[in-house]
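In what comes next, chain A is part of two complexes: it sits with chain B in the first one and with chain C in the second one.
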Partner chain A sequence: MSRALKNNVYNTLIWTAAVLSIAILVFLIATLIWKGMGAISVGFLTSASENFGSEGGILYQIIGSLALTLCAAVCSFPIALGVAIYKSEYVKSKVFQNITDTIIYSLNGIPSIIFGIFGLIFFVNILQTGVSWFVGGIILAMMILPTIILASHQAIRSIPNSYRENAQALGLTQWQVIRAVIFPRGINGAFTGLLLGLARAIGETAPIMFIATAFSGVTVPRTFLEPVSSLPTHILALAQQATNPQALQNAWGSSLVLVSLVFIFSISALVRRIQYSKINY
Partner chain B sequence: METNTARKINAGIEEEAEVSIKISNLNVFFGVNHILKDLSLDFQKNKVNCIIGPSGSGKSTLLRSINRINDGTEKLKVTGAVHFNEKDILNGVTNLTQLRKDIGMVFQSPCVFPKSILENVIFGIQQHKKLTVSEKQDITEETLKAVSLWPEVMDRLKDSGQSLSIGQQQRLCIARTLATAPKVLLMDEPTSSLDPVTTRVIENLMERLKKRYTIVLVTHNIAQAKRISDQVFFMCNGQLIESGTNDMFFNTPKKEQTKSYLKDETCVCR
Partner chain C sequence: MLVFQNKIGKGYVLASTYLCIAVTLLIFLILFWNSYPALSTVGFDLFTMTWNPAKDQFGVLSMLFGTLAVTAIALLIAVPLGILTAIFTSEILPNRYRLYVKSAIELLAGIPSIIYGLIGIALVSPWIATLFELSSGRTLVTAGILLAVMILPTIITLTDDALHNIPQQYRETSKGLGLYPFEIIQKTLVPIAKRNIAGAVLLALGRALGETMAVMLLVGSIDKIPEPFYNLLSPGQTITSKLGREVGESAFGSLHFSALNAIGFLLLLLVITLTIGTQVYMRKGIRTV
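Moving on to the complex of A and B:
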């Protein structure tokens, strides 16, 4: 094959792939909007579900999902930032670096249902917590921990060594260097990672369905150890009543709300990343 | 009367030759590599002490042993003594924060933090003590004046330090170091990333700063050493080959290696 022909073939392949993936995405979103828009109204967003979701709205599902993600964020963020800083500033041994890397990547690769089963056995059965949104938040936090650690670690690693050296030469202790130089950068990266993690966490069903959510009769939790309802588990329940057109309609509506929330998280992460790459820090 | 004057002159000479940093039998190893070999030399107070020598001869390593900035390096081994303020700073009990406040360092290429000009100046000092807003202003003004940067930036102290030209950035870094009130300034090729005009600005600055500080300057540039040094130390392959006053060193060098280095920057001591 001549080089020009080869180039042409490659170009065509790449373009086809790009167009195809964008087309699938557009098709999905269009369907979602098309089917979901009919269900969405102020009433739908601000009232409780009734009759297993086939009537009423999804107020408490939204609140439940937000409570779960907020809890996951609060639990994972400081730990992830701490691990990232510890890893980059204190761990000198190459072997230990590799071991922690392997652990973090494996954690990232664990299927989400395993997290759910672990939560069921460890928290619900052994620690006797009962089904609780707080436990669900902790499990989601464990699930998104690697994403945040890696984003934060990457941000810290891109700090030029001269920054550390100059700060040290001015008499700063290692802890002061971390506070003044490493921390701001690490927190920035961790935040981007957090948004990406939350975009994933809010859509997960498997980790939370046994340990954090109930399908009906749930309102705003008053204690840590109460179940909530959530958007993904609600959609699951509605889809099982597929013969009821009203339930299906509400399932589409809930899906549209969920995907919008996911988009808000991902787009904010993207915007942060773009802004951030402009700052020459 | 006469003896009195003589004593005064004597006292004056003694004062002029006052030692700021005394290095004795300093050896530095990185693993099996013997980098500094039994160095003994004195840096004098209120002088520009200039270290010259070919690349890889250990100039930076010597400088970085004085404020112990190499401390974290793996497989580093240091023996000998470095006396400052009548104390051996190489021993374990040295307070590194105090040491680095007393012995400031300026690096080859300026490293300005992504903060405002003012915040850059007070970056070090504010970690050491609480400053009021007006103290911050005063320190900034005083040190920026000391490095002749004040007129250029006085009405944009809130701008990012990284918006400055590279020469201005280097002066900002010097100001940042002066803010911690050091007694010694270690400068590792501070002008090698600057153009000739800016280089002269920094050189003039050093001439002024030496009245208040002891300056230890590493330079690649023999002409620069000739222009501004008071004492010259010629290093090669981790050893001190020759040292002396500017006049002695450049006009009547004694060692063959020195002569050849001054002639065409070659060194045959390996």
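Moving on to the complex of A and C:
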């Protein structure tokens, strides 16, 4: 085969693959929007679900999902920031650096269902907390820790050493250096990471389905130790009654709401990343 | 006062780090500790076919087969498609569009897996059923296809990064030698980015192995290896779908629960080895140009 012909064959192959992948991805979004719009109305968003979710709306599912995410954010943010600062400012030995890296990557790699089983054993059975949204939030917080740590660590690492040296030369203690120089940048990075993490946390089903959620009869939680219902577990329950068209329609509606929430988080993360990547020291 | 603050500050960051390490170790310990009863009583009978908690038979072979089959199908579809698409976005697509396309693909990588499950159950599995004239469209192939779509964005963005990070000089020099565009890609760029592309595929493999929701809804959840084994258009079971279906139903402390823990632990080890291996492999391959 001549080289020119080969070149054309390759070109066609690449174009076909690209068109196919983009078509698949566009199809996904189009389906979600098309099917979801048919189900969403003001009433759907502001009423409780009835008849095992096949009728009524998803108000409490939205509230439950937001409560879980908020709890995850509050629990994980300070810890992740601390780890990132420790890693970049205090750790000198290469070995410990590698150990923490390995730990963070392992935590990142643990499959989501394993978090669910861990939560079920540790919190629900050993600590006897029962099924509760607070436990779900903690588990989600563990899951998104690595994302926040890595984002914040990256931001801190981009601060040039001369900044630290200048601050030290002014006579600041190490903690004052951290507060004045490292914190502002680190928090920005951590916040971007948090948004990315939350985009993942809000859509997770497997970690919370055993430990945090109940399917029906749940409203706004009044204590820490009550179950909530959430969008992903609601979709799961509805998907299992897929033969009922009404249930399926509600599932599409819930999916569109869920994807919109995910995109709100990830688009803000994306915008922040583009903004902050322009900072030059 | 300042010294005191200094100490509190250090205490805070140190405590966070140790908490993070402790949590990770705790997950491993708890899972191992809970799988120990099953590992010690059932032992190597884990590697048999029948799973029947009532008779204390816990064979995981069919789940291992399902996991491997579904993952293999997903990779067979997603790897070629993803790499070729990444070549498109990195080498053919004009730079000013690249950022938009890439951002869009990154957004798509964030779609929750349960939604892939819903799309699979509502649309893809009926298609598969009519196309191949099956009574039910919930098969290993259906789960594999959906999984492929799920990992496609990951492979595309990471491969695209790997290719795009190669300095322009390489392309210009190759062009100067009179190579065709495809030869530049094939002979110059892909060999340089090989390690990172492999990393992307391994990362996607890790995700595919651990993926639960979409697979659980679509795989059919029947504990058996199809007859004959290459007939993948039949229902099966994966490790994750088994866990998702049965953990909620088994009683804490029972042998059944412990056996489920054991396969969870197996999965955990598999995925973690893969993740850490990938990290080490990638770190070695960092070039400084």
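Assume the second predicted complex is superposed on the first by the 259 of 281 C-alpha atoms of A that agree within 3 Å, B and C clash if a C-alpha of one lies under 4 Å from a C-alpha of the other, contacts with A are read in each partner's own complex, and residues count from 1 in each chain.
Throughout what follows, contacts are C-beta pairs under 8 Å (C-beta built on N, C-alpha and C of every residue); 3 or more make two chains touch, one makes a residue touch a chain.
Note that the coordinates shown come from a computational prediction; the quantities given were computed from them, not determined experimentally.
Shared-chain residue A:K6: touches chain C; no touch with chain B. By the touch criterion stated above, A:T102 is placed in contact with chain C alone, chain B being left untouched.
Taking chain A as the reference, the larger set of touched residues comes from C, when chain B and chain C are compared.
When the two structures are aligned on the shared chain, A:I85 is found in touch with chain C, with no touch to chain B. Residue contacts after overlaying the shared chain place A:E165 against chain B, while chain C stays out of touching range.
Applying the stated contact rule after C-alpha superposition, one finds that A:L248 touches chain C and leaves chain B untouched. Contacts of A:L45 after superposition on the shared chain: neither chain B nor chain C is touched.
Once the two complexes are laid over each other on the shared chain, residue contacts for A:V181 go to chain B alone; chain C is not touched. In the overlay built on the shared chain, the residue A:T173 is in contact with chain B and with chain C.
Chain A residues in contact with chain B (one complex) as well as with chain C (other complex) are 173, 176.
Taken together, the chain A residues at the contact with chain B in this complex read 92, 160, 162-163, 165-173, 176, 180-181, 279-281. For chain B in complex with chain A, the residues that touch the partner chain are 67, 69, 74, 96-101, 104-105, 107, 109, 111, 113-114, 123-124, 127-128, 162, 173, 176-177, 180.
Residues of chain C that touch chain A in their complex: 2-3, 5-6, 8-10, 12-17, 19-21, 23-24, 26-27, 30-31, 34, 80-82, 84-85, 87-89, 92, 101, 103-108, 110-115, 117-119, 121-123, 149, 152-153, 156, 180-183, 185-186, 206, 209-213, 217, 240, 243-244, 247-248, 252-253, 260-261, 264, 267-268, 271-272, 274-276, 279. For chain A in complex with chain C, the residues that touch the partner chain are 3-4, 6-7, 10-11, 13-18, 20-22, 24-25, 28-29, 31-32, 35, 78-83, 85-87, 89-90, 99-118, 120-122, 125, 142, 145, 149, 173-176, 178-179, 199-200, 202-206, 209-210, 232, 235-236, 238-240, 242, 248, 251-252, 255, 258-259, 262-263, 266-267, 270.
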